[in-house]
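Next up: the structures, one after another.
Both of the next two complexes hold chain A, though its partner changes from chain B to chain C.
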Partner chain A sequence: MMKTMSILLLMMMKPTKLMNSLCLLTFMFIFLSFLIKHDQEWFLFYSSLSSDTLSFSLICLSTLIMILMIMSSTSNTNITYRAMYFSLLLNSLLMCLFLTFSTLNIIMFYIMFEASLIPTFMLILGWGNQPERSQAGIYMMVYTVTASLPLLIIFLMWSNKIGSASLHILYTYDSNWLTSSLWAFILVLAFSVKLPTYLVHVWLPKAHVEAPVAGSMILAAILLKLGGYGLLRMISKTSNLMAPIIPLLISWSLAGGAMIALLCVFQNDIKMLIALSSVAHMAMVMSGSLTLSLWGTNGAQFIMIGHGFCSSALFCVANMTYERLNSRSFFAIKGMQVILPVMSMAWFMLCTSNMASPPSLNLLGEMNSITAIFSWTYFLSLPLTIMVFLAAAYSLFLFSQSQHGKLSLKTQSISPATPREWLILFLHWMPLNLLFLNPCSIQLFILPYNL
Partner chain B sequence: MLNSFLGVLFFMGMLSGVWFSIHSDSWLGVWVGLELNLVCFIPLMIQGDSMSSEPSVKYFLVQACASFLLLFSGASLMNYKEGMKMLILISLLLKLGAAPFYVWYLWVGDSLKWLQFLVLSTVQKIAPLVLLFFSGVNKGGEILIYLSIIMSGLIGGVGGINEVSLRKLLVFSSLNHMGWMMMPLVSENEFWFIYFLFYCLMITMTIWILSLLKLYYLNQMFSVSVSWANKLTLMMTFFSLGGLPPLLGFFPKLVVIESSVGSPMVLNLSFMIMMSVITLFYYLRMGLSVLMLNHLKIKSNLMFFKKFSVTIILLVTLLGAETSTFLFQSFLQ
Partner chain C sequence: MSLFLYLVSIIFLIFSLNFVMLNYSVMFEWEIFSTAGKIFLFNFYVDWMSAMFFSFVALISGSVLYFSGSYMPMDKSLRKFMFMVFVFVLSMFFMVFSLNLVSMMLGWDGLGIISYILVVFYNNDKSNSAGMLTVMSNRVGDAALLLSIACFMEMSSWNYLVLNIHLDWMMSALVILAAMTKSAQIPFSAWLPAAMAAPTPVSALVHSSTLVTAGVYLLIRFSNLMQCFSILSLLIYLGVLTTLMASLSALFEPDLKKVVALSTLSQLGIMMSTLALGFSELAFIHLLTHAVFKALLFMCSGKIIHNVGGYQDTRKMGGEMFNLPVTSMIMVLSSYALCGVPFLAGFYSKDLIIEASLMGDMFFMNYCLYMLSVGLSTSYSFRLLFMSMVGPTNQSSYISSDEEDWIMLISKMFLLMLSLVSGAFLLWVCIPNPWMVSLVAGSKWLSFTSLLLGMVLGVWLCFWNTKGLWFSSMLTETEVFMTMWNLPKISGMKLSFSSMYLSLSFSKLDLGWVEVFGGFGLYNLLSNKGSFLEGWKLNNIKNILIVFILSLVFLEIWV
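Right after this comes the complex of A and B.
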């Protein structure tokens, strides 16, 4: 318990420089590594704070990504000018995420789930560049809050019925078909807005495009995973409610994923493409976890972790290109291979990881998910095929469009990649591909019904 | 308000009017208390802005009408005419400024100074709310109260969308909050009181920071250039009024939802929740202007201050819900 408390206390500190904040977070990460040897079961650290593999891996991911976020923001003068507020915001966000992932009380889960919106909102509004960021922030807030307030009613209704708000003894009776389906739908809707799924994804590309690099990284790496985490936690408890509408939900997510993947190929904005590709990946998470099988759950978990590293790294490298060329458009970013061959290699490795090539964790996740979905029904092979094919297509499109071709005339003198940038990309790419060798460190062994 | 002898006298008279009306046994006593309250509040309103007596005249006319209606219907209630109960409820809603009868509130609120506005939206609501609670709205008056709840929620949500005057915005937000407050009234539980207390705390914090920064209109927010901590405080008080989860304003909403979640009120509740999302939209819009870090700054209007009160406001807003969760732990198990 002391270890966890000390981690939480460390977050309270007020760093005045980004470097201090970086040291602090690294310190926290080292503390967390003492907890890595956990027994794959519930591990209670304090009265209602506990963790299992699912939450622990996400806590580690969020701390690591937070470190990388600060490292990648040090080149932004806008951020270094107000470094203290920035690191305070990041620390409060990390605290919210830590509590969301480790709490056992569903009301607490809800509160922290929503609380993580406020620092993100401030991050987008405070350090974004274009004036459109206000619209993006409002979209994000209103979409998420609207969808998740009904969730609060359902949580309170359940905790009223059983007299306890513990996640472990969530009891969901179904009174009749209509209301239980409605509850199940509301439950899924709240998380699928956060995830996001097609039709309720509109806030995501806007928020990504307008956010500073740290905001995009945390959005793609962790905040989308909040939705996936909620789905994995709640669906297993409410499988009796879910059963009637699971076919609808899986078809919705997979068809949406296929359409979003198609949309990715038509983008001319790098950040937009990466944001939409994460929507397409999240469709696989949702459908995998909705199959309610061990394989699907594990697939969702692997894709979540893998995508956390991969999309964050892609946003990072897109920002590095943006800092050099001041553009995110494919029309301006061309032929980067000639002037930045080193970064071109990073682009290649990350794009291939994004399309789930071996040996990335995404491959393992997609293998698991696809197996689970196929064993659920063969009819979903069409959207799955489209999604997997188009994932390769848009990833290669992203690579070849930005790295090959003729240099545009404006790009004359460009600084080479610095060791800091190399370090950031390496620290993203390494765990993404090394975890493939040891997936049991993040694998969920228990049956999804006990998750 | 409290810096002169007469001011203190009138303030005490106002408070004792509230005390008198909520403690009396008969509607006559209630009427006397309300009139005392009204008569003592009018000079305080004029004190804030002696140039214009228009808001106080409007306020006097409306409140006098409502008091007369209350007296008339309260006296007739002795003959066991149940229809009179509706009139009592209507007069109390008129006193409160709840939805079908909210127009005076909008006009009067928009032309008051911040301190008077604060009194109007906290102290002046105690008596009507307590009387609504005591007058047994769930025995014959439900339809009127349901109508008022729904209209308050709707008007409070939609009305503020295109508004630039901060006082009008706060009036609309208080309409929405009144809808929330009246919901536990129907099922006759005391949670409305918790909601009212927290609402008073929130609106006090908001008005405190707004009057520190001397803001009255939305477009003034871009022109003040204050430290980021103050901006953060302003933003947080707005978010708290909107009821975003970890902040102070979420707690009373949680309590009200918890209290009415098992009953048929759920439909009403869902409607109110959607409406409070709309109010959240305009709080966000208010916050946008303060939260943008890089925008064009007008140098002529620089204000540098860091007061202790700002820290208090921020702490209450941020940690209020957590503290109150410990205080009211029985709700949350």
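Right after this comes the complex of A and C.
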């Protein structure tokens, strides 16, 4: 692991071309991949940096997505002319994410959690395509920071009371230092804004849509999972505290997920549809993990990893269409199957993976989450059914509306899919569908109480 | 490719016969994922029932692929088509051979999605909407199956062999709901006729024998576990109602493929009600024989559609008997097999079903319904034959048809042989000790007499309705039957428009109130209140400097 950190630091040496940073990131991923089959559950690689399966899988995912981000940004001349700044931005983001996922110090976790917002904000503001990107960036920052300032207070109080900020020591004490459910809610609030859950999800459509493809990919793949990761870490030792509010939180996220899924079907902007579908998936993550069961935790993990690949791939392929047609609207993008058949197959694979069809990891995650939530209470089968059904509705609507139909483009020539684009989509799709056969590499074997 | 599938079919047939004789079965397991003491497995269970089902599926797929070589001669699309049919057969493989609900779910989901892709093969508006309707109706079943996986956690396993306790009502309801959507029973029947927008080989494979029978197969496998009487009695009546509705609609339907689709639907209703009565082996036999002659019927109608120039409306067909003697022979034989003409394939399964169910406690309405189901299936079969083959021709004068298409003929040969003998063969194989049937003479002759009466009714209807004039004159009365008792309305536009209105009202929340209490409202609040405060601030540089100097003076004095 230290080799990977050193390569990350090496990237601070100002790579002037995108290809340089791509090579360094590939090396880093190769070093990381040696640890994917790990026999020990948790290992410490520095005095306060450690990783267990949850954080390690997210670190691998972020590195892989970084590689794919650079690959998909090479067609954007705005980025290639300023390759050094872009690479530095991505590198700092990766550093923040790496530290967030591996740190044991709770204050460091908070600092890196907030710090990952800044490179993202600069990415949205610097390379986004529409003038709405300034509002998008502001929304993202203000929503996240507003919700996480109470979290900072809680963390400081917690570490002050116990006397240490290390997660191990904090976890050995029972959570009777706080007696009110309001504090438990505050612990969850920051992560539920990041995740996001329904009423505080407003930043997500804006940020995802206005970001460039690299920004959308990292937002969808990793930054949403920061919320899931924090949630899983926090609920493990504060479960006694949270028990009164857990029914509220589960109903909130599931009802919100069902409502968002209904809204998704009737969008007319491709990226907004994909962004809102992320909200629906993350609703299932939140509900699954809040059931405090091993099934729910595993379901949350599988959905997080699977959704990371799937959503990021959908944003990539939407961007490939956007580069050719310069529009994101469904009214302009139809009949693509006629002119881009290779990408049509990629759209189909990804849309069906999005709706949890076999053999994708999303199906495994949904099976686990649904099992967990259904065993919590069977009244929740209604929002679950609505979400599963409408997931198919909007995913196939996305596929059918963009690929089938009559092509209205008679005056423009469209270049076919380049091998680079094919490689990006393949590298997204392949782990998603192969990890289904061996989920024990990303499975969480330990009970949620010991996370 | 089709040769490969024929070979697979023969191999599995041999396996199945072997396994029946020796009462032997094989199980492979591949563990995907295990947690908390429960294991998700790929579980392949080859016993006589699944091997026989899969051999029939492979046989029909092989014939259909060979047939599509002549039906769809466009090169590039044919390769894509063959690949998709192969993936379909693979999903069917997963579904048929899996022992537990989880890996059955994999095949089930795969079936739904591949059938979507096959239905939208021709990219026109009708295919696209038909595909959406198909996959959405199937998705309800998928959701029910996912919930039943969650439900089965309380049982010790998802495996239907291992469990020997009866399921309670919720689990039975969920599994039956999944089977009902896949096999197009009454609330979900609208997708099956609409899916006829698919190419004819797809209809022959998917919508006659394999996809729609997946639901019945699921229930056959779980039939030992489901003894919840209230839900099963509901299923009996839904099955019989489906049969009735489909038969009545088939009598009034002008589109050739839709008539065959509705006949599939009526036979599915019979299969479902048989299952719900408890006769799972009989349902299995009927499933297999029906698959054979329905696929054959679809392939013949494909040949007819090709020969009348590509349209499917029977009001412009007729008189093909003279031009296509072999095809009309095949069609007549498969229709006879469907009706249950004695000693052809359908007779063994259908007759035995009716006799077995009449042996139980019945009341008069059931008697009538069985008579109606057999009689009406005969009438629509004869109507189909009359309109396309026998009746006076309504075709344009420049259409000619010929029998020279050897590929199409040869592809039907195996299935033809099977449709003649498979009933007897399956009965001897699957039920080695014959059932003892003791009935009153009136009950015993029920199906034969209703067959004859139905034949008379069908032919009489066709003669009375020459050139479609009688139906057009009584349109307001027949409209209910023609639109399948208005079922497509609840599955189609009404549902989507009402959900659009619902989502519009949700976006009032999403873009409205959430913004008011969130970003936009906060921004407005801060700027309004801030501008109010701004007014009270001293904005003059002079005032600020005066305050500064005065405060310095006070500081000097007091310190």
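Keep this in mind: the second predicted complex is superposed on the first by the 429 of 451 C-alpha atoms of A that agree within 3 Å, B and C clash if a C-alpha of one lies under 4 Å from a C-alpha of the other, contacts with A are read in each partner's own complex, and residues count from 1 in each chain.
Definition applied: a residue touches a chain if its C-beta (ideal position, glycine included) is under 8 Å from a C-beta of that chain, and two chains touch if they have at least 3 such contacts.
Not measured: the values here are computed from a predicted model.
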First, second, both or neither for A:Leu156, with chain B first and chain C second: first
Partner chain in contact with A:Leu117 - chain B first, chain C second, else both or neither: first
If touched residues of chain A are counted for chain B and for chain C, the larger one: C
Contacts of A:Ser381 with chain B and chain C, given as first, second, both or neither: second
Which of chain B and chain C A:Tyr85 touches, first, second, both or neither: first
Which of chain B and chain C A:Val142 touches, first, second, both or neither: both
Which superposed partner A:Ser164 touches (first chain B, second chain C, both, neither): first
Chain B versus chain C as contact partner of A:Ala392, first or second or both or neither: second
Touched partner set for A:Ile107, first chain B, second chain C, both or neither: first
Which superposed partner A:Trp127 touches (first chain B, second chain C, both, neither): first
Contacts on chain A seen with chain B and repeated with chain C across the two complexes: 142
In the complex, chain B residues that touch chain A: 228, 235, 239, 244-246, 250, 254, 257-258, 261-262, 266, 269-270, 273-274, 276-277, 280-281, 284-285, 288, 291-295, 321, 332-333
Chain B partner contacts - residues on chain A that touch it in the complex: 78, 82, 85, 96, 107, 110-115, 117-118, 121-122, 125-127, 129, 131, 133-134, 137-138, 141-142, 145-146, 149-150, 152-153, 156-157, 159-160, 163-165
In the complex, chain A residues that touch chain C: 139, 142-143, 199-200, 202-203, 259-260, 262-263, 265-266, 293-295, 298, 337, 348, 352, 356-359, 363-364, 366-368, 370-371, 373-375, 378, 381, 384-385, 388-389, 392-393, 396-397, 400, 404-405, 436-437, 439-440, 443, 445
Sites on chain C touched by chain A in the complex: 32-36, 40, 102, 105-107, 109-110, 113, 116-117, 120, 123, 125, 128, 131-132, 135-136, 139-140, 142-144, 146-147, 149-151, 153-154, 170, 499-500, 502-504, 506-507, 509-510, 514-515, 517-519
